[in-house]
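Multiple structures are listed underneath, in structure tokens.
You will see chain A twice below: alongside chain B first, and alongside chain C after that.
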Partner chain A sequence: MQIKPILTALRHHKAGTVLIAVQIALTLAIVCNALFIIHQRVTQLSQPSGLDEAHLIRIQNQWVGKADDKAYGSLMATDLATLRKLPGVADAYATNSVPLSGGGWSMSLRLKADQSAPSAQTAIYFSDDHTLSTLGLKLVAGRNFRADDIRPMSAKEDLLHPAVIIVTRALADKLFPTSRAVGQTVYLANHLSTIIGVVERMQTPWVGMSWGSAASTLVPFRLLTGGTNYVIRTQPGQPDRVRRSAPDALFAQNRMRVIPDQHGVETFRQIRADAYASDRGMAILMGVICVVLLAITAAGIVGLTSFWVGQRRKQIGVRRALGATRGDILSYFLTENLLIGMGGVLLGIALAIGLNLWMVTRFEMQHLSLWYVLAGAVALLLLGQGAVLAPALRASRVSPVEATRSV
Partner chain B sequence: MLKMNHLSKVYRTEVVETYALRDFNIDVKEGEFVAVTGPSGSGKTTFLTIAGLLETFSGGEYHLDGIEVSQLNDNARSKIRNEKIGFIFQAFNLIPDLNVYDNIEVPLRYRGMKGAERKQRIMDSLERVGLSSRAKHYPAELSGGQQQRVAIARALAGSPRLLLADEPTGNLDTQMARGVLELIEDIHRDGATIVMVTHDPELAARAQRNVHIIDGQVVDLSEEPRFHAHAGEAAQGQTL
Partner chain C sequence: MFAYYLQLGLRSLRRNPALTALMVIAIGFGVAASMTTYAVFRAVSGDPIPWKSDQLFVPQIDSWGPAQGRQAGDLPDALSYTDAMALMRAHVGHRQTAIYPVGLSLIPPGQTAKPIAAHGYATYTDFFSMFDVPFQYGSSWPVSDDTGRGNAVVITRKLNQRLFGGADSVGKVINLDGSDYRVSGVIRDWNPKPRFFDVANGSGFGGEADFYMPFTRAIDLQIGTGGNNNCTKVAAAGWDGWLHSSCVWIAYWVELPTAAAVTRYRNYLKGYAADQRKSGRFDWTPAVRLSDVPQWLNLQHVVPPETRVSMLISLGFLVVCLVNTIGLLLAKFMRRAPEIGVRRALGASRREIYKQFLLEAAAVGLVGGVLGLLLTGVGMLGVGLVFEADVARLAHMNLSLVMLTVLVAVVATLLAALYPTWRAASVQPAWQLKSN
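For the complex of A and B:
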């Protein structure tokens, strides 16, 4: 190998060498972190909600005018009866919020009444005995709510004391990592509730919460307010039909209501798409930035090497005259690029880790996996070799007779 | 050592064919010191580049050290250049980014020589050209004469059987030229075959034999008196 003379020669081309090495370093630092962010976003995007998403429709209903709690209770019961009878509907229930909708309630849970720091934070979903079958939630322990568990709750009241609750497995594992959750009691606000069931998974209304995306609690309440969400599970192949027929049936039943044009009737697919729009946008933006940066770096390498090949035509001719084969010239430029690339990559690894640490402290990002840095380093070295190949091949075709030409 | 029979070199464009060498015949014996003279554009340098396998030829035969070179591939030609031929160029052709030591090392590395042997050869050849103390200097830090001596050291280090010199003193003043020529004669005495292209009659006179090229052909001056008027330098070279 001719590493030593190449390094010696590079000392005479410091500006170009340093420029490309720094470009490689910055690209590595940014691309590693960007890919890491993309990976996190994509992981988030592909998290299962635990729901039978393909068959779910959410209707946001707002009553016109004011009514008392009892009237709201009766209107809601009539609506649910109407929806459940509708052709194509498998089941329906009313709630304050659904997963990924972006709005809902959260509370803290304590294992002991006098505990200062909460044991866990949880999303609160108002539910009834139809909730599990409507959402398609899988009960993995204990039992579902019975009709006699369900109690009305006025919007004016604080959260009533739920005697029984159902929690997700993620929350159960967090609260009781070593024992069965069913039968245990927890403090929700200041009231003791007994866990009667555990569902496999149910995402919270919010994406990217620091306390976890699956710590949810079902409480057996029917919220009596002017506004509520009806969640409908359709039979297979019926979502489009029910999406049109359900609001019509509700209006036919009672016209004194508003179902907003926008987001009033939505399939769960739409809710999911809206919930992750910013994540998807960010992932795409990061992806574009990566591609642009890599392209600029590759173009920089092609440009500089082409310039060097042009500048060193005579020198290449002399080397050929002195016995260098085409392969020797090709390997000279590839090795030269590899050495610059390795310098850039070493600096880039430090920068990538530094940038990540800064983001960890500043934006609560996770620590960058070293595999990303290593894979990025290898990818950039390969990109460099790919970029340098065309000018290096051109160099290898310089005729030895160039040595005799006067410049 | 170097034998060309009816060799031709044609440069073709879409509209015109230009013969740089035509029916070119030359036979340089092992250990000879031949000076090649001729007016500008006569084909001297083309002859030298073909002789040094820097360029291919269009027709005829060329035997170098007994090998017919027209069928050799690029790698084989590179190997012969590296192992059998030493070049001395008018413009020295040192690599400006490398110091004297590294410059001399270039052909030895291409030969795949081990580090210790390379070092020995480099130091020996530097000593022979009187530049041992300048091993770490860069070409730009040396005078023209010193640079040419480094180029000679680079050629010497490879122990070439054939030394091809293209106007080796063309860029040097008289005193430096003399030193360089003495070195070339020294190398000749050690057994190398030397072919030197030159304009300089004094230089040509130091060779054992002069070959004159006009219009891409070797001219026997004794049989072509009409060229004497144009090729006075060469004629002078022959009579000396």
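For the complex of A and C:
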């Protein structure tokens, strides 16, 4: 295939050529960045929480009226006994927060008391000896809490100073990259705690925190406050039934409580959906934009090429009359499109990287992987070839007789 | 001539329906995507109190010090109890209030009703006049309730409807967490978007509060904050230990009506910070900052980054659609070069050619705008999928958005038509006539 005559011909269609190239370049820049955003969001929302999500229900409970903090301990114990007896319930415990719920406690950990910068930041989950079995957490080292490890803690009167704690593997690896974490001691706030167990994974309550999504610590305390979360693990196939029966059982047992209408009783699936709503939404929006954009760019190429074919019917007829085969005509238009496409793609790569660099400084985005740009470039070249195929085939069918017609 | 050109334009558009449809669809999608994301952006980036946003200020004090591994300028976004009370006592602004969110349970009158969760704010009486809160019945509580820890409460129309059927309930008593409160006023629907006075807790676009109670009373009853509580270290146990700790959890607002008042307040803050060091409370001179409403919303990143990124991507999408339209219009217009040649030869000026072709483009833009309007409507239904529910609820179609959609479509298409029209008007009549 000779490229020189194609380039000469393109010089007569400068505007159209430039427009197609610019369109391809802009499309490439937008699609690369949009796909990259989709990839990031999907990575984010497909992280495992470490929990047996399908069977978990959370109930937010608020006591009514003024009560002494100490009184909450027995109220909670009665509630838990009620819940654990309920048909369809496998286990239950009370806590301050659950993964992905958006609100909770975080504290810093230090390896030495006088260390100025903390060694790690961690989410704090109030737990008891039922926590691991309720959430379905996998213990990978050490032991679970025993019933006699669990202490009551008044938020107003006591400071958090657990003698023993269980940490996630992510946190253990960060604190003790080279040695076993079980048996080691760390300073939580200003008090020394011993790590007795490590669980495989448990996400923090927050999505997208800079200090890591799985740095969590379980503390053996029952937090005595007016508001608490009950987490229930149901038997297989029972979540819907327990979702209705559990609040009824709690109210039957004691009426002086509030379970909010909104988010009061939720399955873990709902909590996950809420936590990642904006990530999923962004991914969908970017996906829709990519698809429509590619469709419009392809349609634009079809439109302009069809126009060129219409304009050049006579020249095509002359070439055919002089011995050019249909294949020659077809490959002429395909090559022409490939040349324009390559020009556009080169410009597009620069634009895609520029746009990404700008978004990195402006919106705390990550750097675009070059593979995305290359894959996008190849995809757009193929799209161009696909779009040009129909008009090029039509051109190849132009009969040599056209050469003799005057218009 | 106008009607004739319009007729010519429509006929030409009908001649290649596929090409025309392609242009209309491109413009429709481009405009719809931009308008949908713009509507969301507009909803979250508005000024919640435009007539006063340059007179309301948030002071910040670096009560945590430089040793906590934070960057310079990254001050705590709330005040500690110690600092908030010192600022209240000094009373340097025209009006001022400390605010924190509280979540209480409310027992409705009557034996059978279930208790309900009520969300409110503990604040000072200046709150209502500072933020121009409209009252339906009664008024805010007197200053004596601030100083005397009075059991007054201001409830919202929503709660008044639920408890008293919407009647004038001033003087009636409600029970929150086991304590009685006397209603001093009922406020009309008032929920600024974003809720600028409490953006440190939650997105700032949540539902309306239920009640407002005196700050001093809430502290007396040891009601903890329903919002964030950030501490560096906790020195002592118990309620008093918490109040006098470095924990920050109080929003503080001050009204400064004149530039002189702002300067005076800024100097006061600097002086206060210096005094804290002198008195030995801090071993550093705390940095201070005073921000008005727009500065504060910006500092707190109230506009979610998703809305900005998606608006940018959508605008890029519109640009591609326009480039596409330029190409298609060029093809369409140049195909009619012989016709233009004949018209020019028969005496039509360039100006007439411009008129004819721009009118044709405007017609495309108009149809594209109508399609864009339909798609924007669909997009509005879809924003719930894409943005947080609280934010999505704010975005809605109104007359200005409808006008803007059509206007953007027509103007964008006319801009896209400029180059193709110029090419059409530059057609040489002689050349065209000769080649035919």
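Assorted remarks:
Everything that follows uses one rule, which is that the second predicted complex is superposed on the first by the 404 of 407 C-alpha atoms of A that agree within 3 Å, B and C clash if a C-alpha of one lies under 4 Å from a C-alpha of the other, contacts with A are read in each partner's own complex, and residues count from 1 in each chain.
As a working rule, contacts are C-beta pairs under 8 Å (C-beta built on N, C-alpha and C of every residue); 3 or more make two chains touch, one makes a residue touch a chain.
Just so it is clear, the model here is predicted, and its values are computed rather than measured.
When chain A is checked against chain B and against chain C, the one touching more of its residues turns out to be C. In the superposed pair of complexes, A:366 makes contact with neither chain B nor chain C. After overlaying the two complexes on the shared chain, residue contacts for A:185 are found with neither chain B nor chain C. By the touch criterion defined above, A:43 lies against neither chain B nor chain C after alignment on the C-alpha atoms of chain A.
In the superposed model, A:12 makes contact with chain B only, not with chain C. Of the two partner chains, chain C is the only one that A:27 touches; chain B does not reach it.
Judged by the touch definition given at the top, the superposed model places A:404 against chain B, while chain C stays out of reach. On chain A, the surface touched by chain B in one complex and the surface touched by chain C in the other have no residue in common.
Residues 45, 48-49, 52-55, 74-75, 78-79, 81-83, 87, 89, 91, 93, 95-99, 102, 105-107, 109-111, 154, 158, 166 of chain B are the ones touching chain A in the complex. Contacts from chain A toward chain C in the complex involve residues 15-16, 19-20, 22-23, 26-27, 29-30, 33-34, 37, 62-66, 116-118, 155-159, 189-190, 225-227, 251, 255-258, 260, 277-278, 280-282, 284-286, 289, 292-293, 296-297, 299-300, 303-304, 307, 310-311, 355, 359, 363-365, 407.
Contact residues of chain C toward chain A in the complex are 18-19, 22, 25-26, 29, 33, 67, 69, 103, 105, 107, 114-117, 177-179, 222, 224, 233-234, 237-239, 242, 304-306, 308-310, 312-314, 316-317, 319-321, 323-324, 326-328, 330-332, 334-335, 385-389, 419, 423, 436. Those residues of chain A lying in contact with chain B across their complex are 2, 5, 8-9, 11-13, 314-315, 318-328, 399-401, 403-404, 406.
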